[in-house]
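One chain, subunit A, links the two complexes that follow: it is found with subunit B in the first and with subunit C in the second.
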Partner chain A sequence: MSDVARTARPPTDWNAAPMQRRIRRRYAAERRFRLLGLAALLLSAGFLVFLLATVATNGLSGFSWMFLTGSDATEPARVGIWGALKGSLLTMAVTFALAFPIGVLTAIYLEEYAPRNRWTDMIEVSINNLAAVPSIIFGLLGLAVFLNFMHLPRSAPLVGGITLALMTMPVIVIAGRNAVKAVPPSIRDAALGVGASRIQVVFHHVLPLALPGILTGTIVGMARALGETAPLLMIGMRAFIASPPGGISDPATVLPVQIFLWSDEASRGFVEKTSAAIVVLLVFLLAMNGIAIYLRNKFERRW
Partner chain B sequence: MNALAKTAAPAADAPATPPKMRARGVSVFYGDKKAVADVSVDISKEHVTAFIGPSGCGKSTFLRVFNRMNDTITSARVEGLIELDGEDIYASRMDVVQLRARVGMVFQKPNPFPKSIYENVAYGPRIHGLAAGKGDLDAIVERSLKRAGLWDEVKDRLSESGTALSGGQQQRLCIARAIAVDPEVILMDEPASALDPIATAKIEELIHGLRGRYAIVIVTHNMQQAARVSQRTAFFHLGELVEYGETSEIFTNPKVPRTKDYITGRYG
Partner chain C sequence: MAFWPIALLIAGLGLVAWLAARAKAAAFARAPQRRAHSLPSYHGWYVALWAAIPALLFLLAWTNLSAGLIRQTVLASPEAAALPDFGLRRQAILGEARGLARGDIEQAFQPQARQLAPVYVDAIRFYSLIGLGVAALIGFAGGGWAYTRVAPAFRARTRVERTVMATLLLASLVAVLTTIGIILSLVVEAARFFAAVSPAEFLFGLNWSPQTAIRADQAGSSGAFGAIPLFWGTIFIGAIIAMLVAIPLGLMSAIYLTEYARPVVRRWMKPILEILAGVPTVVYGYFAALTVAPAVRDFGLMLGLPASSESALAAGLVMGIMIIPFVSSMADDSIAAVPQAMRDGSLAMGATTSETIRKVLVPAALPGVVGGVLLAVSRAIGETMIVVMAAGLAANLTLNPFESVTTVTTQIVMLLTGDQEFDSPKTLAAFALGLVLFLVTLALNIIALRVVKKYREAYE
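Let's look at the complex of A and B:
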């Protein structure tokens, strides 16, 4: 004990020059990081503001009753967005109807039922890879399987929806598995402990608690599908369609493809219409995200 | 005190009453590791049976054998015979769902469903179709909460979330939830280890009150608790059952030196 006392160093001098230098360096690093972060934020936000401002100034004059209710036309003055909007709505409906139940069931099966072995490992890896496959590949798959092999109607929201569902499903599976995994095991024990069967545990307890997470993942996937252009070009949804689709098997186009088509037009009048279509697409996306946030808050429960 | 005198009166050890549950030569493996080795125990309906022992001695694992909760762990394997009223609960014709309704469980950490207090208690009766109607279900919920000593504290806020209650109240809610399906046996896995002394006292009082109506098995690492609430005590060490007998005997006159060392605080 006395040894320690004798060899103890003198008390720290916080005012010594090296110490002060160290403190100054720390503050400088702090300031540098704040500036860097702010710059990064301004850069990304700046591009968004620039996009919105350009689109708004170019496109707002393009809105009219005719634009909101009409379909594609050869004259820029007579074109409308309703046909593409309805096409997008129908396509999204098909995508959701297929990808959501299949994705959620897959996620639940993999998390709650499937044994851990080589096969499920392989399935897991495949699903993770599927989520990263470029969308054009899915378009080619849709063309080969749904059109050429199954002879489903060309250019239809049905085929577009199925193709996009293939793309969206892995995203939902991954989000769903994480959400299911995040449900505390104690809740499962509690339900099993009063004699709930496995399916009751899943549908009475696990699924309701995982739903906010599943919905968030679903909306992310759906938003990506909504903005997807390339796979739909492959299955013929780029055709010129002058009347809104009546159902999911009618020829149709979707918002991003419509934007792509109009932006390719030589006539000056289409610049305005392209911007207006972008505004419609952005509003659609915002509405979807809004619904997602609303649903998530509604279902979110704390434990 | 009263309850103690009342149920201690009948000669519970009379061989005429067969044990509620019986374990014979039970071993539990996690993969290759033997967590419980060759344990034989009788659980009587009249008594509270305590499993004591140091951490990792296999007492909780052994408890979970009685309602087959180990089934949910894929690496777990159970050998030996476990009977409920003379029926092998690991037999293929035994319905696990029904077994868990007959052998209820209360867990270490209070785990109410993130639903209303009412729904927490009503869930079990509802999935088993035990209530004839809304009025009947209300009655079951009230009776269960009363038995769990929680009714007076929550009767005006049954629609509030069960997770908003305090820890001790949550645990009593979990006991009410277990009682609601009218089990024959209640397994309690360190039910008070996450609670403060006052909440613990309430749980122990509750166990006193429930004795006789249900066969109760409680796992605890708190020896005073075992001494206070139980009439039978089983001492586990390193996966083995070291000694099993009357609680008063185990605590005052243990036959095995290892038990004595543990109880007197030599290790644990």
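Let's look at the complex of A and C:
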């Protein structure tokens, strides 16, 4: 009490005009800040809407039966997307066949068995670094190692798939480790308790429980690989290919590269075809991401 | 008879081995007097592995080896005596004959190739048969030997599990090998480049024109490899313009989502921002080149500035949009990680929400936000398609955002997608640029992770 008496300052009068003005000013600043935040959010989302609307209005007129079944051509009226789509599917098949098993096995090893030593640290550091390396560097790797050193066929889905697999694998490993980590230790203890070996614990109990999480991460990684362009340009998948590839060692192109090639064409008719190809690519990506979200919601389990 | 049919046969052999061994093991597993060490299926796997893996390894080695053997046989044949002695023609004829023999091509242009084709067919058939025979022999021998070991006391499970562990270790080595492969391929090719062009000129030179002339007496035949304009263009687009767009928008979006938005808004807007990150970069590039670049050029001309249709601003703006979700999700995480007590304390002192955010939350979350921005910069400077499609090729050192600049990634693509021999300094320069890009993004990532980690420790 004596403190208040000694400072001899009158208590703040909250109803006085200067104080009211000050409070009003602070509340106005509050509202301005809040509106600024809302504006930033709406602007960011607006860009997305604008982008999708631009592509859709340009592209929807470009669809026809011929567009869906044909391959690249020199005239915009005769081009089709099937060749590039098939190239993409073959490339993704190679990527999945390599990245999924290697990624899952690596995740299991690191999370369940790896001893804590320098060697394991090195594996972890390289995986985290690979996840952050710019994609074009993988293209340089593919060019130097797979084409110039190992002499694999140029422009082929095989090489593209291997290159993208190296890029996708770290994503799968990181997602897989999180999924394996989320399985509670009690499951492992129970399995060990009834006499399962360490391998049986993981392959019979942990892995099935972690699989939805691993698959979600895999689909996200594959979607990223499907939209990737730069590394595939490096390994020559930008050739003019007038017929769909027959196998994984035939020259091929993929959807994003086809978009890039058509966007370079001067002819006006290619604008609508490019946008139509983008619509096809986005439909695939949205479908994949939708499946990933569905899997996550359906199988995610809180232990 | 190619690789795949034989591999399929070996897999079939493995399946038969699995079934046979499991049946044998199941028979003694039923016997009551003595319990077997391993379950029948482990015996099955053990025998199947022995039947399939050595045979597959042999097949892999044989496929690589037999190509040379087939070639030798063909060259030793009387039909090959008429071949021209050396040079491209000989290679072309041989290649065509092989294509004919394998059914890759239907028609040969060179008459000699048509003569050689049957020889090739015979040779391929001969060596394939040898390969098939030896692979089958190895498969049966391995499987048979393993089958004789199947007994109640045999520890099949231990052996199989050891193989599984080895496979796991091998798989995890792929990541290390990839890293080594990246570093080696970049360093080796860059070293060849630096043998021709001095590193000092590359790192500090102001003039970039890699177009080496065809004739030696042409002007500028040596090409100039001063990469400073490229580095400037990369920083200008990726670290300045893009961040001027992405930091305010991303940070404010994150603040609004974490501190103001109702849960329903948050649940809908977060995935929408994530979609922004999932749009392929080639789509952003097309959007930048088709829609943004003309608008930016017109705007620049309206201001009376020299403006190009491939401006730094157009590429930077669109790249900034692409980066927004990265900044916002990193900022979101670090603001959410600020202890609730700090928020409550500030509010209890009478500060408004915005004052709490500006004076307490953002300073507390700053290390995390800075780490996120560094990661975003590292992503922006490694981004390729947007700048290839929307930024120019002219290596200008300019501060005018309406002018054209070029970036490291654009030049890598341009240098490597033409038709030139691989050994010229022009193509090797791409690897030197790639090495610089790799080192810079690596450094940015390491610093960013350090910053974020240190900050996390501060609050735990």
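Just so it is clear, the second predicted complex is superposed on the first by the 251 of 303 C-alpha atoms of A that agree within 3 Å, B and C clash if a C-alpha of one lies under 4 Å from a C-alpha of the other, contacts with A are read in each partner's own complex, and residues count from 1 in each chain.
FYI, contacts are C-beta pairs under 8 Å (C-beta built on N, C-alpha and C of every residue); 3 or more make two chains touch, one makes a residue touch a chain.
These numbers were taken from a predicted model, which means no experiment stands behind them.
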* Asked: Does subunit B (first) or subunit C (second) touch A:L48, or do both, or does neither?
  -> second
* To do: Examine A:S126 and indicate which partner it touches, taking first as subunit B and second as subunit C; both and neither are also allowed.
  => second
* To do: Could you tell me if A:D189 is touching subunit B, subunit C, both of them or neither one (first, second, both, neither)?
  => first
* To do: Could you say whether A:H205 touches subunit B, subunit C, both of them, or neither, answering first, second, both or neither?
  => first
* Considering only the touch criterion stated at the top, classify A:S197 as touching first (subunit B), second (subunit C), both, or neither. => both
* **Per-residue touch tally on subunit A - higher for subunit B or for subunit C** => C
* A:E300 contacts which: subunit B (first), subunit C (second), both, neither? -> neither
* What residues on subunit A does subunit C touch that subunit B touches too? -> 197
* Flag every residue of subunit A that touches subunit C in the complex, lowest number first. => 26-27, 29-30, 32-34, 36-41, 43-45, 47-48, 51, 54-55, 101-102, 105-106, 108-110, 113-114, 122-123, 126-130, 132-138, 140-141, 143-145, 148, 166, 169-170, 173, 197-199, 203, 223-224, 226-230, 233-234, 238, 256-257, 259-260, 263, 271, 274-275, 278, 281-282, 285-286, 289, 293
* **Residue ranges of subunit B touching subunit A (in the complex, touch as defined)** => 67, 69, 72, 74, 97-101, 104-107, 109, 111-114, 123-124, 127-128, 161, 163, 174, 177-178, 180-181
* What part of subunit A is in contact with subunit B in the complex they form? -> 115-116, 184, 186-197, 200, 204-205, 209, 301-303
* Structure fact -> Residue set of subunit C touching subunit A in the complex reads 157, 161, 164-165, 167-169, 171-176, 178-179, 181-182, 185-186, 188-189, 248-253, 255-257, 259-261, 269, 271-273, 275-276, 278-287, 289-291, 321, 324-325, 328, 352-355, 357-358, 375, 378-379, 381-385, 388-389, 409, 412-413, 416-417, 422, 430-431, 434, 437-438, 441-442, 445, 449
